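Here come two complexes built around chain A, the first alongside chain B, the second alongside chain C.
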Partner chain A sequence: MHIKYKLILPLVFLLSGIMLYPFIFSLWLSLQDYRLTRINDVQFVGFENFGFIATDQSFLNAMGNTISFVASAVIIELIFGLSLALLIQKLLIFRGFVRSILLAPMFITPIAVGLMFRFLLNSEIGIIPFYLLRFGVSLDWFGPELALFSIVLIDVWQWTPFMLLMFLAGLEALPKTPFEAARVDGAGRWLTFSSITLPMLRPVIVVALIIRALDAFKVFEYVFAITRGGPGNSTETIMYYIYQTGFRFFRMGEAAAASILLIIFILVFVILIVYLSRPKVIK
Partner chain B sequence: MKKLKLSTAIAAIAWATISTSQVAHAGEINIIMEEVPDYDIVAKLTDQFTEQNPGITVNFDAMPFDAMRDKILTSSLAPSATYDVIIIDNPWTDEFARAGFLEPLDSLISSQDGYAYDDFVPALADISKVDGSIYGVPYYNYALGLIVRQDIFDSKGLAIPKTIEDYMSVVKSLTTNGMYGAAMQPQKGYKIMEEWKNWLYANGGELFDDAGNVIINNQAAIDALNQYIETHSQAAPPNSANWGFDEALRSVSSGKAATMLSYNWMLPALNAKDGMSGDLAGNFTLHEVPGGKSVLGLWSWGITANSENKDDAWTFISWISSPEVAKQRAIMGGAPVRNSVMNSPEVWEKGYGKAYYTALADILDGSAPLSSGNNAEELIEIVGTELSAAVTGQKSVKEALDAAANGVERAIK
Partner chain C sequence: MIVSFENRLSRFLGTTAIFIAIILVLFPFLWIFLESIKPPSLGGRPDIWRFEPSWENWHEIVFNSNVPLNILNSFFIALITVVISLICGAPAAYAFSRFRGFQGARYSILAAEMMPPAILILPLFLLLYKLELIDSRVGVITAHLTFVVPVVAWFLIGFFDEVPKDLEDQAMIDGYTRFQAFYKVILPAVRPGLAAAGIFGFVLSWNDLFYSLLLTGAESRTLPVAIAGFWTFRGIELGKMAVAILIAVIPVLILSYSIQKHLIRGIGGSGVKY
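After this line comes the complex of A and B, so read on.
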């Protein structure tokens, strides 16, 4: 065997152990009626689990909630992150200090953030509803209309700093020449931003979008800590659905089938994003 | 330096491996517990057990409720149990017994001198019986009762409501000037199910009929849910659609709500001087839930089938649940499960007074478990989700209960 193949073998073994085996086991699981409380009575059911999951109202609702969550959270984070990055880039004093403060939320564990906002927004003891009420605003942050939006806001609070970090690094790495040329040619701020900054920042934006979107698909902690998917199932996300099916109801076959459908969906999503964001080739 | 790093890494891995599979050795038992006040009492009492049984070391692993089910499952699926003694929430009993996770206790109970098994409240002891075998002995009850602000009821000349219709009209009349009649807990899942099922009982409803058919969408259930929604919209604090136990308790203890359906042992906590209620302490009283049939919750002691220390495990369980220790536990504030404890003048005097134990005995008499049978945990979650959807207007009452019935049919298969 050539030395280059020998060198790569340890990695292949490692990846097989930690990725390939669990994935193949999940595929096998998804074809069985596999319950953790009936481990000696596992039966092959073919694609029955997929049939059930694909038509299960709870799964479809969880998928819908997750897509709404990902789209809203990532778009708001993109806008806020980019705006803040542009502002901080222009900041002349306290730049390091402001950057450190703004990055802080990212370093808190999400379950702690969930618990923190559960109390901050609590209609009985929360400080936010208390002060809003003084202005005559009475909102049920975790009622059926607002609950998903509240979860989005919490995610925005925690993860906008990530976008900020990515865009700040991207902006600082941009060459100065095109901007100087634009200024010489008399381009305004908006024209410079839309015609130079944005197109040059496109690769960073795409990477930031993909990383954040993939991460947002995994949203679980806020839901677990605050709403448990309620009221009704208005905040049930796909990860919570899978957790509940697998680890509360012990239906591992169905949980595996739901996970595989999610993987397929995410793969299609990533391919689409990459395809749509290709730079247009000027002929 | 490299060697040091390598040996540190190996030590870390070895430690992680050991710490994840802490099987108890001979003369040592591991017990999984929920972090609640009753656990603190058990832990204190265990010092006496260790003195009397120097050959047995008791290790408690106390944790929040949410972490327990997974840990019990992984311990039970392993060749040797991590936990020799587990506490079992009543919806888990059938599921765990049928999965073969639990050791039958019949012969151990019958051969234990002076244990007085018949002294346990029958409604509680029966929860741990599956297919004629006993898989647990009662630890503490969490039966629901009606907790009211007696001072408000007295000042307005109101009688304690005995029917659900009376309760509805009383709490509506009490909702005025920033005071609300009922602090409710319509949070999705366990909480709403636990509360609403009292309303279902009051309407003569049940989850299943005698033949085992699902009847959760019959007229009694529809009436119960309509009444529940009406009361929540007219007598509960605003913005409380996602409230659970903590929020409802806080609302009552801070004087914003006049009644709540809650765990009977919250009464002593609400009435405790310098406790959560401040100046309101002493004004709360406990009664049977309107309709007279309350939802019963129970934690029981069980031994895992794959434990290697079953004898030591039973020595501990039979000691902590014995009549004498049960009495001590109740005096220290534990929720009683034995008739002899609830009828003991010594417990009345040193505990929370005769009125509390009498009210509790009335509540337990004729109460019924939150859910039983296979996959009860899943059933509760399914029904609780649909109930929440109806309360928040996402589904009509009929739609929600039909969906609940379909979900339950599938869950119990």
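After this line comes the complex of A and C, so read on.
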């Protein structure tokens, strides 16, 4: 056997055991009526689970919540991350220091972030509502209208640093010549940004968007720490829905079907983004 | 002159914006630290800023709670996960970087990295349940490997790509076999990459809640699950939760700063060429 196959053998072995096999198991699971409460009475039901899930109001609601969550969080993070990266790049002093501080949130465990903000924004004991009230602003951050938005804000706090990290590296790697040429030609700030910086950053932006969006689809900790899907089901995300179906209602078959629908959705999403963002040929 | 004024104004606005961002980032950390040293009787009072610092919360957590056990569990699980990931990931990443015909394999690593945990948790839970490995460290390590291994392998491809091929060619001319060249020449050359990938994988495992929540019990509970457990208590428990959060957060921040420079290359994994 060629050495190259020997080198990858341990990895192939490991991933087949812990990912491929569970994945196939999951496909099988989605076709069964598999309940944790009746583990010895498992029945093949074909695509019944998919039918149930696809028409389940709370699955569709969770999917809708997740999509609005992902879209708003990722777009806000993109704008903030890019602006901060451009500003930091212009800093003359303390650049490394500022970068180190601003990157901190992305490294800490999301459950801690969720719990910190749960208390910071709590309408009875939270500091932020307490001081906002002194200015006459009374907001119920985790009430029915604002809860999903508050969770978006928490995600923005924790993950804008990721965008910042990507864009700082992207900006650093840009060649200097086009910018010098633009300055010689007297191009203004905005023109330089929109016709040089932005197009040249495109690949980095696309990669950052995809990584961040895929990660945001997995949002679970903030919901678990703060709202548990409520009020009503206004913050129930798809991960939380699968967690509930599988481990609160013990319906493993339906949960597996939901997770497979999720993976199909994500696949379509990635293909769409890659397709839409391919460089256009200039004639 | 107008240009210079405009320049100065935009610089001022930019600095202000950065300053606001720094305050927004630091404020929660400052607040959680203050909560951790508030006397428990004042816990959760937003209007109190001046108080006699008390280490009662810290004392309680360190000597009278399960948190030390949770720390030990988290540390042990993360460490073993990383070691296995490096042992399996490094040779494979090297092969992906050096040999033809692995384009598809690279993408399957990426696909594995993107696999949502929701799809793996159900089968993993059932399998571990049948093996009677629920509430065991082995079970959690198995689950953590599913997201740490692909990340570590992906991370390392980028580092191997940067090692010049001459290095192992020379070693093989000197009489090393391909494997010896990899083991004795290339691996030492990417030591910083191994360290960075290992630390990144450690942090990912240390921070995980989802798998640990469903696969651990009293014996194997990890720190994030323990932190989530404080949420049912109110007011007076806030101080203890603050301590547990700080214990979870501080080591990770220190570790992460040590690998900041390598992160980009790692995440890009040679897939992104600027």
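To be clear about the criterion, the second predicted complex is superposed on the first by the 271 of 283 C-alpha atoms of A that agree within 3 Å, B and C clash if a C-alpha of one lies under 4 Å from a C-alpha of the other, contacts with A are read in each partner's own complex, and residues count from 1 in each chain.
One rule holds for everything that comes next: a residue touches a chain if its C-beta (ideal position, glycine included) is under 8 Å from a C-beta of that chain, and two chains touch if they have at least 3 such contacts.
Nothing here was measured: the structure is a model prediction, and the numbers come from that model.
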| item | value |
| --- | --- |
| Chain B versus chain C as contact partner of A:Asn233, first or second or both or neither | first |
| Touching partner for A:Ala62 - first (chain B), second (chain C), both, neither | neither |
| Which of chain B and chain C A:Ala73 touches, first, second, both or neither | neither |
| First, second, both or neither for A:Ala85, with chain B first and chain C second | neither |
| Partner chain in contact with A:Ile18 - chain B first, chain C second, else both or neither | second |
| Winner by number of chain A residues touched, once chain B and chain C are compared | C |
| Touched partner set for A:Ala147, first chain B, second chain C, both or neither | first |
| Which superposed partner A:Val98 touches (first chain B, second chain C, both, neither) | second |
| Partner chain(s) touched by A:Phe247 [first = chain B, second = chain C, both, neither] | both |
| Which of chain B and chain C A:Ala112 touches, first, second, both or neither | second |
| Chain B and chain C contact sites that coincide on chain A, given as residue numbers | 125, 247 |
| Contacting residues of chain A [partner chain B, same complex] | 36-39, 57, 122-125, 129, 138-144, 147, 227-234, 244, 247-250 |
| Contacting residues of chain A [partner chain C, same complex] | 3-4, 6-8, 10-15, 18-19, 21-23, 25-26, 29, 83-84, 87-88, 90-91, 98-105, 107-113, 115-120, 125-127, 130-131, 157, 165-166, 169-170, 173-174, 189, 203-204, 207, 211, 214, 217-218, 220-221, 224-225, 238-239, 242-243, 246-247, 252, 255-256, 258-260, 262-263, 266, 270 |
| Chain A-touching residues of chain C, taken from the complex the two chains share | 10-11, 14-15, 17-18, 21-22, 24-26, 28-29, 31-32, 35, 44-47, 84, 87-89, 91-92, 94-96, 98-99, 101-102, 105, 112, 114-127, 142, 145-146, 149-150, 153, 178-179, 182, 203, 206-210, 213-214, 223-224, 227-228, 230-231, 235, 238, 241, 245, 248-249, 252-253, 256-257, 260, 263-264, 267-268, 271-272, 274 |
| Sites on chain B touched by chain A in the complex | 69-70, 73, 77, 95-96, 98-99, 101, 186-189, 237-243, 247, 250-251, 375, 377-378, 381, 385-386, 388-395, 403, 411 |
